[in-house]
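One structure below.
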Amino acid sequence: MSLLELQGLTKRYGGIVAVNDVTMAVEEGEVRAVIGPNGAGKTSLFHLITGVVKPTVGEIHFGGHRVSAMPAFGRCQLGMSRTFQITALFPEMSARENTRLAAQARDPKRWLPLGGGGVFAEAARRGDAALERLGLTHVAERPAGLLSHGDQRLLEVAMALAQQPRLLLMDEPTQGLSVEETAQAVDVLAGLFAGGGLTVLLVEHDMEVVFRLATKMTVLHRGTVIADGDPDSVKADPVVQDAYLGGYA
Amino acid sequence: MRMLLAVALLLALLPFGLPPYAMTLLTEALIMGLFAMSLDLMVGYARLISFGHAAAYGLGAYTCGNILLHTDIPLPFAVLLAGLFSGIVAIGVAWVCTQATGVSFSMLTLAFAQLLYAVAFKWTPVTGASDGLAGIPRSPGPFGVTWFATKSGFYYLTMACLIGGFLFARALVRSPFGAVLRGIRENEAKTLSLGYNTRLYKIAVVAASYMLGGLAGALYAPFAGFANTELLFWLLSGQVLIMVIVGGTGTLVGPILGAVFFLFVQQQLSTYTDSWALFFGVIFIGFVLFAPEGILGLARRWTRAH
Amino acid sequence: MTGLNRRTLLSAAAAAPVVLRHARGETPIKIGMPLALTGPSGEIGQQMRHGAEFWLKEVNAAGGLLGRQVALQIEDTTGDPATCVRKAQEVVERDGCKLLFGMVLSSEALAVVPKLAEWNAIFMSSDNGDGRLTGSSFVPNFFRANISGPMETRVISLWLREGQMKKFFALGMDYAWGHNSIGVFKDEVTKAGKTFLGDVYSPIGTKDFSTYITKIRQSGADGCFLVLQGDDNAAFLSQAHEYRLSDRVQLITSIVDLNSIHAVGDAAIGLAGSTRYVATIDNPANKAFVADWQKQFNALPDVFEGEQYQACKMLQAGIEAAKSIDAEKLRPALEVATIDSIKGKIAMRACDHQAVQGGYIVKVKKQDGAKYPVPEIIATFPGDKVTPACRQMTFES
Amino acid sequence: MDVSAFLVTQSLNALSQAALLFFLGCGLTLIFGIMRIVNFAHGAFFMLGAYVGWSAVGLTGSFWAALLFAPILVGGFGAAFEMGLLRRLYGRDGHAFLMVTFGLTLIMGEAIRLIWGVNALQVEIPKLLSGIVFILDEPFPIYRLFLAGAGIVVAIGIWQFLERTRLGLLIRATSQNAEMVHALGTDVRLVRSAVFGIGCGLAGIGGVLAAPMVTASLGMAPNAVIDTFVIVIIGGMGSFLGSMIGAVLVAFVQVFGSYFFPDFAMSFMYLIMATILVFRPGGLLGKEA
């Protein structure tokens, strides 16, 4: 069984069909990118998977659990961690506190109202390890709100990593970054994914980024999956070429 | 910690140097301080701006008043029980109010408090309606000890509640639970997406806040010897919110200072002039313009400069 | 040094300047007066302050009491019982007041009276109407110089017995005073063989009285008894006038004061009711009082000004008889105190500390040349008919 | 009295009360829509309207002059307050506005007490409106008909103002997206001052119109501000139409509630508010929570 399975997933807003009968799967260990032109339904699909919105029709299974009606925080507890399209951090906390709070969410004693030194120590250890992996140790004590854009994006990834997720969901990880920042961020991410052990689902429309990072691709067009496979075969697919990639390939 | 000990020692010694009226005022200031600090748990740590915190105070006061009037439960236990009761009621209140966020949350808390106010006006057997409950005794005990009923004994009881409440609140905000609250304060959506069921945390903090606020109200009833509907009125909710802001939100100590400041300044001003409200208003606006971080922030800035 | 010694020393140090200032005589007699000077009841509080200050000037000009000057320590309570308790405690503990005036609202008084024994202080009320203060909530250190709510109602019902009206309805503010007064009224009119049709209570702060006016009209009553105060009273009278209610129903109010009349102007014309004090009472003491008052303020004294002055005179009589302000000595003296003042002869009653006094019924009429309508006395009733049995709120006969 | 007469007169009466609530609520909601702040001092502006109205009647002898003059003065004062004080605080959190407007409430209340005294002041209904008419044999004050009419006229006026005029367009645009309006070269600060002034001016109209019914008194502000909150919350903060619906709903509930269930008159308003917020956290016509 795949880690994440979507079956016949449909989301309608009034008369508009944002996601139409999508069936796809994410296997353990793959880095899958969902691509598609603006309005293809990428963000809606992402919201369905993370639990921000509930599907009109269809089922979502994650790690063997049916999560279609589960609230967002419940899915996180099963091992989904996500980053946002517009960076979402705790701006007044230090980078270290950000990752610590993220790691704490995986601790069964995360709600402890008194004491909790052990919880903090364990969370800090995981958080620091995540900062290290993304090369952010040198800014660990700085308030997150004062970091550069690039570092803020990476910090968000570090927060997700600190949760030791089974599935890392990334919504446009290079959105809003300058060309240089994008290049740097992609380098770091590529290194991270190359290390293995991570399962990633990312939504992105910068094709260069996608081809650099993804091992599998799903192409959405008007809410429907029009192609699925490894990057090379998708790139070669005439339907995809016609619908989206245009002159790129 | 050393600072806390010093303050506790100072508070403990004050009864030996202060005239009785100042003791009375100080006792009330400490009660108000506890009340304001309880609200800071919500406002300062989870950005839950309550416009109806008088509900906690009034619940505590009426509960404690009824316990003392109708049972033989000793004063200290009655106070604790009333605080606990207020906290339990809060779970229901919070469950409803946390359906909403932002201004709507504030308004729901206001609606709830005003509903309680309206109920208190009609539920004569329990609340005494518009007359309130008068002649609330300071029941002796435990073990027949009557010391808590004396002026200084009651002061020490209040002090113990304040310090205990403060230690509890401080442990709470420094715990893993408190870390999540700070997350909610800074970015609730992100906290939710990290896998925290934020609504439960909010309900829990409202309950803790109501419990301490109820404790303050529970102290007030035997302190003044009466409880009436004013203790549930929105004006008190507004005042305590101002105390928290004047003192400095998210600091626990600040709101206590804010309450003490509020009470003493009002007391002094109103002795000198009928127009005390005018000066009071000017002071608030002055704080916003010149000391946006409140009394505590002002004090910190001052100590840094010197 | 023990705590006790240190405290004594501190208080001695604090008292030192006062001693110096009054080196020739004794320290002044301080009377604490917590009052609602601001807030919704502020107008009554301000009247009480005027009345007390007027008396203060008079008594100090005549050499003070027991050879000591008298001083008032006035504090604003905003009409909030919690603040009132704090302020009362403050004037007692900080300023050393053993005598108290003031406390506009009965809720304030009810909150304060349980503390009087602990403070060893005497409170002379000039305004609190709640019957329970001299009834179920009676405490030995409380005295009431004014007419209480049940007494006002009694005056009205005595007047109604003689009148033509048969059927009555009542509207009161939804708090203790309203419920108490209407309870007495219901009792009284039923005993007089008349019909009580029903009652309704409006929440404090009601702005629109139209539904209540509709109810009054629908009831088919000849007369409607009103127990309203302050803003609510003014709003009701304005709106009753708007609806021409008084064309059909005689409005009878438990208390007629100049302030309300001034607030609603011609809308008050035709209103009948009891009053605690009115400047036109015909006796030499009142004539002198009104003349002096007019000289000072260029206005007529209003209800609470007169009542406060009378309360001051009552306390004065007690102090002069006891030759002390100590509660233990003053209490017995006050219990038998009598004065002949602006409302004639008035005697304090030992059994419940209620001053026995007559009541007045006035009707508001248009007077040529006057800016506002004026209340005119149309009936008076003697004290023995008006004052309830000891510690009771109901009446025999 | 027959049932239809009762229903008609009480409904008309509820409409007249709704008009008064609307003058308050509409201003508060406009201000919230533009500035995202809760103006605690709104009740104080309402009260100021009543007192200025009283003085204006005294000076000019005309209620109509007062109705013109008082809102201008109150609105001007509001705009001045916005320009002098509130303007410095944009970008700060909500606490700052709460404190400043609460402080202003205290200052205005006391200033009014110092200027006009503690006694309630009477404003006479103008001769033209002081009579009663008979509706299905039930007497009904002309002044209340006038109030209901004034409410409807002002509501239509504001609606047209928001829809048709340039300033109205700017106000709507600013409440949608202030940065965009700013980027398009309009001085958002002026829009804010104008809206704050208009909002306070509307409260001032309410004050002048309420004075003949309830007299000008110091208790007006605290009572008014809480009612106003309720209707704005019910309608949805920032929604003009919502404040209208909220005002009508609250007025009808109060009038009929206090008739049929006088014991619960005080609770109704809050019960409705809580119920609506639980099911629609943003209010009836509010956008979000």
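Lettered A, B, C and D in written order, each chain numbered from 1.
What we mean here is this: a contact is a pair of C-beta atoms (placed from the backbone, for glycine too) under 8 Å apart; a residue touches a chain by one contact, two chains touch by 3 or more.
The shown structure was predicted, so the numbers you read here are calculated from the model rather than taken from an experiment.
Participant: Averaging the CA atoms per chain, pick out the one whose centre lands closest to the mean of every protein CA shown.
Facilitator: Nearest to the common C-alpha centre lies chain B.
Participant: C-D versus B-C: which interface comes out with more C-beta contact pairs?
Facilitator: C-D
Participant: Report the inter-chain centroid distance for chain B and chain C in whole angstrom, where each centroid is the mean of the CA atoms.
Facilitator: 35
Participant: For chain A and chain C, let me know how many angstrom lie between their CA-based centres, rounded off.
Facilitator: 74
Participant: Roughly how far is chain A from chain B, centre to centre by C-alpha average, rounded to an integer in Å?
Facilitator: The computed centroid separation for chain A versus chain B comes out at 43 Å.
Participant: Send over the residues of chain A in touch with two or more other chains.
Facilitator: Not one residue in chain A touches at least two other chains.
Participant: For chain B, give me the residues that contact two or more of the other chains.
Facilitator: Within chain B, residues 121, 276-277 contact more than one other chain.
Participant: Where does chain C touch two or more other chains at once, residue-wise?
Facilitator: If we look for residues of chain C contacting two or more partner chains, we find 37-38, 203.
Participant: Considering every pair of chains, which are in touch?
Facilitator: Pairs satisfying the touch definition: A-B, B-C, B-D, C-D.
Participant: Enumerate the contact residues on chain B facing chain A in the complex.
Facilitator: 171-172, 175-180, 182-183, 186-187, 189-198, 200-201, 204, 208
Participant: Show which residues of chain C lie in contact with chain B when the two form their complex.
Facilitator: Those in contact with chain B are residues 3, 6-7, 10-11, 14, 37-38, 75-76, 80-82, 85-86, 89-90, 92-94, 106-107, 110-111, 114-115, 137, 174-176, 203-204.
Participant: Spell out the part of chain B that touches chain D in their complex, as residue ranges.
Facilitator: Residue positions touching the partner: 49, 96, 99-105, 107-108, 110-112, 114-115, 117-119, 121-122, 234-235, 238, 241-242, 245-246, 249, 275-278, 280-285, 287-289, 292.
Participant: Note which residues of chain D are touching chain B in the complex, please.
Facilitator: 38, 40, 85, 88-89, 92, 94-96, 98-100, 102-111, 113-114, 222, 226, 229-230, 233, 237, 263-264, 266-267, 270-271, 273-274, 277-278, 281-283, 286, 289
Participant: Going by the contact rule at the top, pick out the chain C residues touching chain D in the complex.
Facilitator: So the residues of chain C in touch with chain D come to 37-40, 42-43, 46, 200-203, 205-208, 210-212, 214-215, 217-218, 230-231, 234-235, 238-239, 242-244, 259-260, 262-265, 267.
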